[in-house]
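There are two complexes below, and they share chain A, which is joined by chain B in the first and by chain C in the second.
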Partner chain A sequence: MTKRKPYEQPLPMDWWLKNAFYTKYMIREGSSILITLYSLTLAWGVFRLSQGEAAFDAWMAALQNPFSIILHLIALALALYHTITWFSLAPKAMALWIKGKRLQDKVIIAGHYCVFVAVTIFCLIIITL
Partner chain B sequence: MNASTITIDILRYRPEMDEKPFTQSYQVPYTADLSILESLQYIKDHLDSTVSFRWSCRMAICGSCGMMVNGVPKLGCKAFLRDYYPKKVTLAPLANFPIERDLVVVMDDFIDKLESVKPYLIPEKEKDLSEGAYQQTPLQMEKFKQFSMCINCGLCYAACPQYALDKKFTGPAALALLARYNRDSRDNGEAERMKIVNQEEGVWGCTFVGYCSVVCPKDVDPAAAIQLLKVESSKDYLIGMFKPD
Partner chain C sequence: MSNTTDKTYIRSHEPIFWGLFGAGGMLTAFLTPVMILITGILIPLGLMDSGNLSYEKVYQFSTSWYGAAIVLVLVALPLWHTLHRIYHALHDIGIKRGRDLQQVFCYGFAFAVSVFVFTLLLQMF
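Moving on, here comes the complex of A and B:
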């Protein structure tokens, strides 16, 4: 008779707190919650806009609320965190070969930041014009 | 504590007498060039012959001595006491695998997964031996060489929370191996392997934690292999929408 009795290792609920790498990953993934809230707030604003000027002004006034400002600051911080960590991972999803050599990671990352800056400036121009 | 010794905690499990694992401490004479594996051999030779662990080559080629060193998946032969001294070292069997005994884990599921991805050349047309070898340029080899360096140690599975949560996930090493054959110019089996890639248990079970590539002792970068396969899988899906076959 076999003496084998393999022990299944349980996965603790706090597995993602036991290693800084996992914690950073969970923050990156968790940032989607705040970014969803931000998107919903923005969508709500568009909806209020369709209801006329008074409704839109009320929405704008609600945004001045300290709670709303804090929420937006947290969302901004998490969005930046997500962007930076995501850009640093980008080379893994891109294998660009030029003249028999794989494009260096830092070139791909720098390319992402260039596009990011260009799009941001483009959006700011549209909004302010 | 003596200045020249280091404490090594080992998670023990003896299936014939233990219900669950427990920690046992050992004092090992410290020298700066001692690897974790050598310290285990010291324990087995001088302190406790009942401690079980796997090893063979002692030089990061065989992939046998994978274990958790202070919670991080590492090869025992490639981790050194000097990087932990004077703090103690905690050794445990590789995470996410069932424990067979002490530091030995059951790797059957991992081996099954490696076999499941058709890890062999599937040429377009079988050639007769007299026609010679399938040839390849250095550039064509460069496209997959990194993914062929895997030593099947299983560290990436111990590092993968997605595998921990769902054992059906094909996992990092097997998908990197699949990418290695799909990217090989001599191979024509991509269509067969894409069926494995496209599944939920294929590349889409990966949420890009990326720790597999950090712990890989051979710089295989399975996370990159999987993300590149996701690109291929998406292309496959889009093409399939317009050209079903």
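Moving on, here comes the complex of A and C:
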């Protein structure tokens, strides 16, 4: 049995509120919670789908609840924040070299946003087909 | 002593989860906003015709082999991203005890929901 008592630096619960950089970091990490909830909502939708038309329609009706809509609005805002942070990190994840020169960060980021807009429009169109 | 080089290295399982985290993050960045917009806002508010997500349409799509694969990826893959983040956020807010167990719960949760959705899609097929 060791008697050793190493010093443990105290970590206050609100450490991330004292610095804007850390707050933004924790908002990004926190976006995971609502995106998890959204995925669970969809998983539940698949479950209701498997139970037949009445069950699926009840799930669709439940999504009209004002509470659900507010939650989805918050989830949308946080998902967009995730998108922004993900794209701003993209140049660090992919270093593209063309003819011996490294592609500029802003080109890579702009490319991501173009694809994002194209994908969003594509999805909005394909769902109506 | 020459046997200092005989150290056995244990392979980390991190690359698998890191790969799923990256793939899920990509999907979440590009597709989750528009998915939330359609299923959670436009259709419930009646701004988009709810017939676009009618039972017949969704059922037909989800019971085709490609539709089932797309639904599984869209529903389950973001979880491998978010639960990885939640696991590391638990460290950030100073929850030190049972890191191994936390990992089992986090990845286990993503795995359980993936299996849940996979089984349902298989059953409907």
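To be clear about the criterion, the second predicted complex is superposed on the first by the 118 of 129 C-alpha atoms of A that agree within 3 Å, B and C clash if a C-alpha of one lies under 4 Å from a C-alpha of the other, contacts with A are read in each partner's own complex, and residues count from 1 in each chain.
Going forward, a contact is a pair of C-beta atoms (placed from the backbone, for glycine too) under 8 Å apart; a residue touches a chain by one contact, two chains touch by 3 or more.
Note that this is a predicted model, so its numbers are computed, not measured.
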| item | value |
| --- | --- |
| Touched partner set for A:19, first chain B, second chain C, both or neither | first |
| Greater residue coverage of chain A in the superposed arrangement, chain B or chain C | C |
| Partner chain(s) touched by A:53 [first = chain B, second = chain C, both, neither] | second |
| Which superposed partner A:100 touches (first chain B, second chain C, both, neither) | first |
| Touched partner set for A:29, first chain B, second chain C, both or neither | both |
| Contacts of A:113 with chain B and chain C, given as first, second, both or neither | neither |
| Which of chain B and chain C A:92 touches, first, second, both or neither | first |
| Chain B versus chain C as contact partner of A:4, first or second or both or neither | first |
| Chain B and chain C contact sites that coincide on chain A, given as residue numbers | 11, 16, 29, 93 |
| Chain A residues touching chain B - in the complex, by the definition given at the top | 3-9, 11, 15-16, 18-19, 21-22, 25, 29, 89, 91-93, 95, 97, 100, 102 |
| Sites on chain C touched by chain A in the complex | 22, 25-26, 28-41, 43-45, 48-50, 52-53, 55, 58-59, 62, 71, 74-76, 78-79, 81-83, 85-86, 88-89, 92-94, 113, 116-117, 120-121, 123-124 |
| Touching residues (chain side chain B, partner chain A) in the complex | 13, 15-16, 20-21, 71-72, 93, 95-100, 106, 139, 142-143, 161, 164-165, 207-211, 213-214, 221, 223-224, 227-228, 230-231 |
| In the complex, chain A residues that touch chain C | 11, 13, 16, 26, 29-30, 32-33, 35-36, 38-43, 45-47, 49-50, 53, 56-57, 60, 63-64, 68-69, 71-73, 75-76, 79-80, 82-83, 86-87, 93, 112, 115-116, 119-120, 123-124, 127-128 |
